[in-house]
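Structures for review follow.
Across the two complexes that follow, subunit A remains constant while its partner is subunit B and subsequently subunit C.
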Partner chain A sequence: MNPQDLLQLFDERAIEAVRPLLALSAGLIILLLSGVFDGLKALRGPIVVATLLFGGWLTASNFVTQPGVVLDGTYSADRAASAWGLLFVVATLLAWLFSHHYYAEDERPFQLEHDVLMLTTPIGMMLMGGAQNLIVFFVGLEILSIPLYALASFRRSRARSVEAGLKYFLLGAFAAAFFLYGSSLIYAATGTVQLAEIKAIGIHGPLALAGVALLMASLFFKISVFPFHLWVPDVYQGSPTPVTALMATGTKAAAFAFLLNAMFMLPAKAAVLVAVVALVTMALGNLGALAQTDVKRMLAYSGIAHAGTVLLVVAGTLAGDPESGGALHAALFYMGAYVFTAAGAFGLLALLERDGERFTSLESLKGLAHRRPVVAAALTLFMLSLGGIPATGGFLGKWMVFSSLVRAGLIWPAVIGALLSVIALGYYLRVVIAMYMQPASDRDAATQSVRGASAMPATLAAGVCAVFVLVMGVLPSLFLDRLP
Partner chain B sequence: MAEILFYVLSAAALLFGLGVVLAKSPMMSVLSLLGSFFCLAVIYLLAGFQFLAAAQILVYAGAILVLFLFVIMLLNLGELGAIAERSNSFLDSTAARIGAVIAVGMGVVGLAAASRAAFQPVRVEPGKGLDGLEAIATELFGRYSLAFEAASILLLATMVAVIALAKRQRRGLKNGGRA
Partner chain C sequence: MDQLTLITFLPLVGALLVLLTPASQEKVLRAIALVTTLVVAVLGVRLYLQFDGASAALQCAVDKPWFVLPGSAIAVRYKLGVDGLSILMVVLTAVLMPTVILSTWGHIHKRVKEFMVWMLVMQTGMLGVFLATDLVLFYFFWEVSLIPLYFMVGIWGGERRLYATIKFFLYTLAGSLVMLVAVIALIYHFRTADIETLCAQAGSLELTKQLWLFAGFALAFSIKVPLLPFHTWLADAHTEAPTSGSVVLAGVLLKMGTYGLLRFGVDMFPAASLELAPLFMALGAVGIVYGAFLAMAQTDVKRLVACSSVSHLGYVVLGMFALTRAGLSGSILQMVNHGISTGLLFLLIGMIYERRHTRALDQFGGIASTMPIFAFFLVFTVLSSAALPGLNGFVGEYLILLGAFQAKPLWAIIGVLGVIFGAVYLLVATRRVLFGPVTHEENKHLEDLNVREIGLMLPMVVLAVWIGFQPTPFLDQSRGSLDRVMKKIELARGAQSAALEVQPLTTEEVVR
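Take a look at the complex of A and B:
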C-alpha cells in the first residue's frame, strides 16, 4: 500500500463516520485538562454534558446520512450502528446525571476522575457497536471495561465496592482472554479477523467452531447469560448505583449490538441450543430475583433475566425468522426500552440511597408512597415496564421478541419465555406493594429527610426516563418507523 | 533443521510456561516467564518475523518483566509460604484442580481442532512479506488505523483509572485532597 492509498482510506465518508468518536475523545481530553486549573471546576459538569450532547448530535446526523462501512471495512456507521450509538450516549448521560451528588462528601475529591472515566465508556461502546473487525471490537471492549473496573470499586472505603471491582476485573480479564484465544483460532482457520471476510469464507471445521465457541463465551459473559452470569449480583450490588446503571444498560447494549453483527458465525443448528441457554438464563434470573430482599440485587437478577429475553432474538434469527431485520428491530427496541427503564430504576435507588446499603433494601421502601409520592409513582412505572405491562416500553419490546420467535417457528420457547416473564411480575409487584400498601417503620421515617436542590439533575434524568418509557409504550410508531 | 529447532523451542516454551504456574517462589515464576518469552522470540525469528522477535525481547523481556521483578522485590514477595498456609487448603486445591482440568481441556480441544483443520494460508502479497517495519506500519496505519488510534484512548483511560484507584486520599485538606 503506498501513501496515496493510505490517504484514500481517510476520505470524507470515513471522517464523517468517526466524527462522534473524535468529538467524545476531544471532550474527554478537554475535561482532563480542566482538572489542572481549580478555577475551571464549575465548568466540568457543562463540559461533560456538552460533549455527550455534541457526540449524540453527530451520531444522529450519521443516522441520517449513513456513511456506511469505512476504513477498509473495519468500522461501520450505518443506521443500526448509529441507533445503537445514540443509545450508548443516552445511557452514559443518564448514569452521569444520576451520579451527581451521589457520592458522600469525603469521596468527592475523585469526582474529576469519576467523570473522565464515565465519559470514556461511550467511546468504547461505539467502537463495539460499529466494529466490523474483531480487533476493533476488542479495543472497544477494553476501552469500555477498564473504566468500569475502576468505577465499580470507586467507593474505596467500602469493602463491597472494592470486592465488586476486583471480581469484575478478574472475571472480565478472563473473558477478554477467551475472546483473544477465540479470535486467534478463527484467524488460524480463516486467515482473517474481518467480519465480512469471515462471512465470505464461512465457519467450517472444528478449529473455527472452537474459536466461535470461545468468542461467544466472552460475549455471553458481557451480556451476563447463563452459565456466565454468576458475577452479576455481587458486582451490581457492590458498585456505586449510578455505575451499576451504566453497566446494566450500556455494557449490555454494546455487547448485544456486536452479537447481532457476529451471530452469522453460529451454525443454524445452534438455534435450539441458544434458545435453551436463553430460557435457562431467564429462569435463573427470575427465580433468583424472587428470593432477594435487596432491591439493587433483585434488579441485578432481573437484568440477567432480561439478557436472556434478548438472547431469544438470536435464536429466532438462527432458526430462520423470515422477516429480515426483525431481530435488529426487536433487539434495538427492547434494549432501548430497557436502557430507559433500568437506568430510571437504578437512578431512583441512587436518589433514595443516602448512606449505607440498607436504603436499597425492600424494607426501607415501605411506605414510600406517603413520604415521596412522585418517586414512588415513577418507580412503580419502571417496575411495571420491567415486568412488561402493556402501555409501557417494556411490553412492546417483549412482544416483538416473542413474535420474532413465533415467525421463526420456535413456538415452545416463545411460550416458556412468556410464562417466565409472568413469574417476574411476582417480584416487581412486591416493590410496588411495599411502597403503597405497607406502613413504614418509624425508624426509617425518622432518618429519611428530604433532599435539597442538589437532587435536581437526578430528578430531571428520572423524569426523562419516565417520559420515554411511557412514550415508547403508547406511541411506539414514533421509534419503530425510524428504525433501520 | 528449522523444524527440529521449532519443536525443541515449542517444548521448551511449554515447560517454561508450566514453570510459571508451578514454581513455589514468585521469582522463579518470573524467570520462567522470561525463558518462555525468549523461546517465543526465536520461534518468531524462525517464521521470518524479525521485527516481532525484536519487539518481543525489547518490550516483554526487557520492559515488562523488569517491572514484574521490581514489584516482587519492592513488595518483598520472595516467599509465598505464609500466605499459602493461611488460606483454605481444601478449597484452594479443589479450585486449582478444576482450573487445571479446564486449562488442559482447552488445550486438548485446541490441539485436536488444529490437527484436523485445513489451515488457510495467511495471504501475503508477493514482494511485500509480513516482516519488516514497512509492512507492519502499513497494516497499523491502514486497515487498523482506527484500532491503533483508539488504543491511545485506552491507555489514557487506564492511566486515569489506576490513578483514581491508587491515589492516596488525604482527609481534612481544603483543596480536596490534592497534594
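Take a look at the complex of A and C:
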C-alpha cells in the first residue's frame, strides 16, 4: 500500500468516524505533558474530565451523523458502535470520579500514572466496540487490557492488589493468545480477517469452527462466562474498587459489543449450547455470591451472573429471534443500566472503604441506614436494580433479555433464568438487611464516615448513577426511542 | 389531573412529604400520613358512588403514552381504569388505610418516618395493581408493592423477622418472575399490552397455549393468595409483621392474588380455567379444611388468625372456580369480607398485645371482665369471621357454597365442613381469651380500649353490619362485569362440551 492510498483511506468520513479516538488520544498526550510541568499539576483533573466529555460529545455527534463503516471496512462508527462508545466514556468517567479520593496517602504520588492509564482504556474499548476486523479488535483489546493489568495492581503495597494484577495479566495473556490463534485459524480457513467477508464466505469445516471456538473462549474470558469466569472474584476483589468498577462495566460492555458483531460465526445449532452456558454462568455466579460475606466479592460474583444473563440474548438470536436488532437493543439497554448500577454500587463501596478491605464486608454495613441514610438509600436502589425490580433500569433490561428468548421460542431457558434471578435477590437483599435491619457494631460506628464527606466528585457520580437508574426504570422512553 | 391518577399517586406524594419532614417531628409525620390516607379514602368513596355497576366497561379510564418497546413497536401505555372486578378492591384499599395508619399510634414507636413512607408507598403500589389496565404497568406495580412489606416486616417485625421477610419476598418473587415470562409471551404473541384487548383475544388461543400461560400467571397468584401448598410463607410473615403490616397483608395484599386469579385467570383464559377448575376447587376446598385444622392447633393467637386466612381465602378460590354466577359474586364479596374481618382480628390482637406483650393463648382468660369493650369487639369480629347470618361473612360464604354446589357438590360439602371447623377454632379461641376465671395476675388490671382504638375500628364494624344486612348494593357493583365474564365462560363451556361430543364421532370414523 503506498502513501497515496493511505491518504485516500482517510477520507472525510473516516476522520469523522475516528474523531472520538483522536480526541481521547490528544487528551491523553496533554495529560502526560501536564505531569512534566509542576505548574500544570492542578489541571490534571480538569484535563481528564474535559477529554472524556469532549470524546463523549464527539461520539454522540457520530451517533447522530452515523459515518458508518470506514477505513476499508475495518472500523465502524454506526449508531450501535457510537451508543456503545458513549457507554465506554461514561463508565470511564464514573470510575475516574470514584478514584479521585480513593487512594491512600502513600499511593498518591502516582496518581498521574493512574489517570493516564485510566484514560487509555476508553480508546481500547472504542476500538473493540467498533471493530469490523479481527486484528483491529485485537489491537483494541490490548490497548484496554495492558492499562488494566497495571491498574489492577496499582495498590502495590497490598498483596491482594498485586495478586489481582498478576492473575489478571497471566490469564489475560492466555485469552489474548487464544484470540490470536483463533483468528489465524479463521484466516487459514477463510482467507480474511474482515468480519463482513467472513460472513459472506461462512464458517465451514473443522478448521474454521476450531478458530471460532478459540475466539469465543477469549471473548467469554473477557465477559466472564462459564467456564472462563474463575479469575473474576479474586481480581475484582483485589483490584482498587474504582478499577473494579471499570472492569465490571466498561470491559464487559466492550467485549459484548464485539460479541454481538461476531456472533454470526456461531452455528444456529449452538443456540441451546449457548443458552445452557449462560444459565450455568448465572447459576454459578448467583450461588457463589450467596456464599460471600464481603460485598465487593459478592458483586464480583453477581457480575458473573449478569454476564450470563446478557449472553442469553446471543442464544435468543441464534435460535431465530424474529426481531432484527432485538439482541442489540436488549444488550445495549441491559449493559447501559448495568453500567450505572454496578458503577454506582462499586463507587459507594469505594466511598465507604476509607482504608483497607474491612469496610466492604457485610458486617461493616450494619446499621449504615442510621449513620449515612442517603448512601444506604442509594445502595438499596442499586441492589434493587441489580435484582431487576421494577422502577429501576435493571427491570427493563431483564425484560428485554427475556423477551428476546421468548420471541425465539426458548421458553424454558427464560423460565429457568427467571428462577435463577430469584436466588440473586437472596444476596442483594442481604445488603439491604444489613444496612436497615441490623444494628451496627460499636467499632464501626465510631470509625466510619470520616473521609466520605470530602469526596465530592464520588458523591456526585453516585448521585448521577442513582438518577439514571431511576429514570431508565420510570421513563425508559428517553432511552428506548434512541436505540439504534 | 384525572381521578384515578390522583387516587393512585396521592399516597406517593404523601410519602415524599413525609420524607422531607424531619424525623424528630413524629406528630407531624403521623398527621401527614393520616391526612393523606383520609383524602384518598374520601376519593375512594366518591369513586364508588360514581361507579356504574350495570356497565361492563372500564370507567374513569386514563390512557397516556408511556414507552414503546423497541423493534416490535409495541406501545406500553400508562392506562388506568376501574371495572366491576376491581372497584370493591380499590375502595377497600382506600378505606382501610386510615384505620391502619391510626393503629400505628399504638405499636410503631421507632423509626416512625420510614414506616409512614413505606406504608404510603405500599398504598400506591396496591392501588396501582388494582387500577392498571396495561399489563406492563400492572406488573410494574405488582413487584413494587412487594418492597414496602419487605421493609415493614424486616425492620418493625418480631423476633424471627429476617427469616420471615426473606421467605415472603423470595417466595412471592419466584412466582412473579415466572409470571414475567408468561406476561412477555402474551404481549409478544398479541403485540399489545392492553389488558382489555388481551382479555378479549386470549380466549382465541389454542387450549394448550392457554393452559401454559394460565399456569404461568396462576402460579404467581396462587403463591400470593396463598393457595395450598404455597401457604407456608404466610404464617411466618403474619406472625412476625407488626400489627399494621398484618392488617394490610391480610386486608389487601393477599387480595392481589385472588384479584389476579379472577382477572388474569378466569377472565383472560376462560377455557383454561374451565379445564383446571376441578383442580382449583379442590385446592380451595382442601385449603378451607386444612387451614381450619392448622388454626385449631395454634397456641399463638396471631398465628391462629394467619392460618384462618388460609382457610378463608380457600372459600374465595372455591367460589371463583365454581365458575357460576353465584360463586363469582360471592368470591368478590368475600375478598372484601375477609379484609374487614381478618383486618379487625389482627387489630384486636395487636391491641391486646400492646397491653400484655404476649400472644400465647394460655396467657389469657377472663379478659371479658377486665376489658368489656374489647370483649364486645372481639366477639363481634369472631362472629363476622365465622359467618354469622346478619353479618358480612355469611353473605359471601353462602353465595360461594351455593355456587360451588351448582358446579361440584362434593367440594361444596367439604367447604361446608370448613364452616363448622371455622366456628370451632374461632369460638374456642374466643372462650380461652375472654371467658372463664382470670388466671393470670397481669390480666386483672388491663386498661380497656381507648377512644382512638374504638374509633379506628368503627368504620369496619359499620361496613360489616351494612354488608350483612344490605349486600345487594355491593354485589350490584360487579354485575355488569360479571355478566361479561359469565358470557365468556358459557361460550367456553359450550366449546368444551362440543369438543367432548365431537370426539366419539371421530373415533367412530376411525373405526369405520
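Quick note on the criterion: the second predicted complex is superposed on the first by the 474 of 484 C-alpha atoms of A that agree within 3 Å, B and C clash if a C-alpha of one lies under 4 Å from a C-alpha of the other, contacts with A are read in each partner's own complex, and residues count from 1 in each chain.
Keep this in mind: a residue touches a chain if its C-beta (ideal position, glycine included) is under 8 Å from a C-beta of that chain, and two chains touch if they have at least 3 such contacts.
Only a predicted model underlies this, so the values are computations on that prediction, with no experimental measurement involved.
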Subunit B versus subunit C as contact partner of A:18, first or second or both or neither: first
Partner chain(s) touched by A:61 [first = subunit B, second = subunit C, both, neither]: neither
Touched partner set for A:329, first subunit B, second subunit C, both or neither: second
Touching partner for A:429 - first (subunit B), second (subunit C), both, neither: second
Most subunit A residues touched (candidates subunit B, subunit C): B
Which of subunit B and subunit C A:74 touches, first, second, both or neither: first
Which of subunit B and subunit C A:110 touches, first, second, both or neither: first
Interfacial residue positions of subunit C with respect to subunit A in the complex: 65-72, 139-141, 143-144, 146-147, 150-151, 154-155, 161-162, 165-166, 169-170, 173-174, 177-178, 180-181, 184-185, 187-188
Touch list for subunit A against partner subunit C, complex: 323-326, 329, 384, 389-391, 395, 398-400, 402-403, 406-407, 411, 414-415, 418-419, 421-422, 425-426, 429, 433, 436-437, 475-477, 480-481, 483
Partner subunit A, residues of subunit B touching it in the complex: 106, 109-110, 112-114, 116-123, 138, 141-147, 150-151, 153-154, 156-158, 160-165, 167, 169, 171, 175-178
Subunit A residues touching subunit B - in the complex, by the definition given at the top: 1, 5-6, 9-10, 18, 21, 25, 28-29, 32, 38, 71-75, 106, 108-110, 113-114, 116-117, 120, 123, 127, 133, 135-136, 138-140, 142-143, 146-147, 149-150, 153-154, 156, 165, 181, 185, 188-191, 201, 205-210
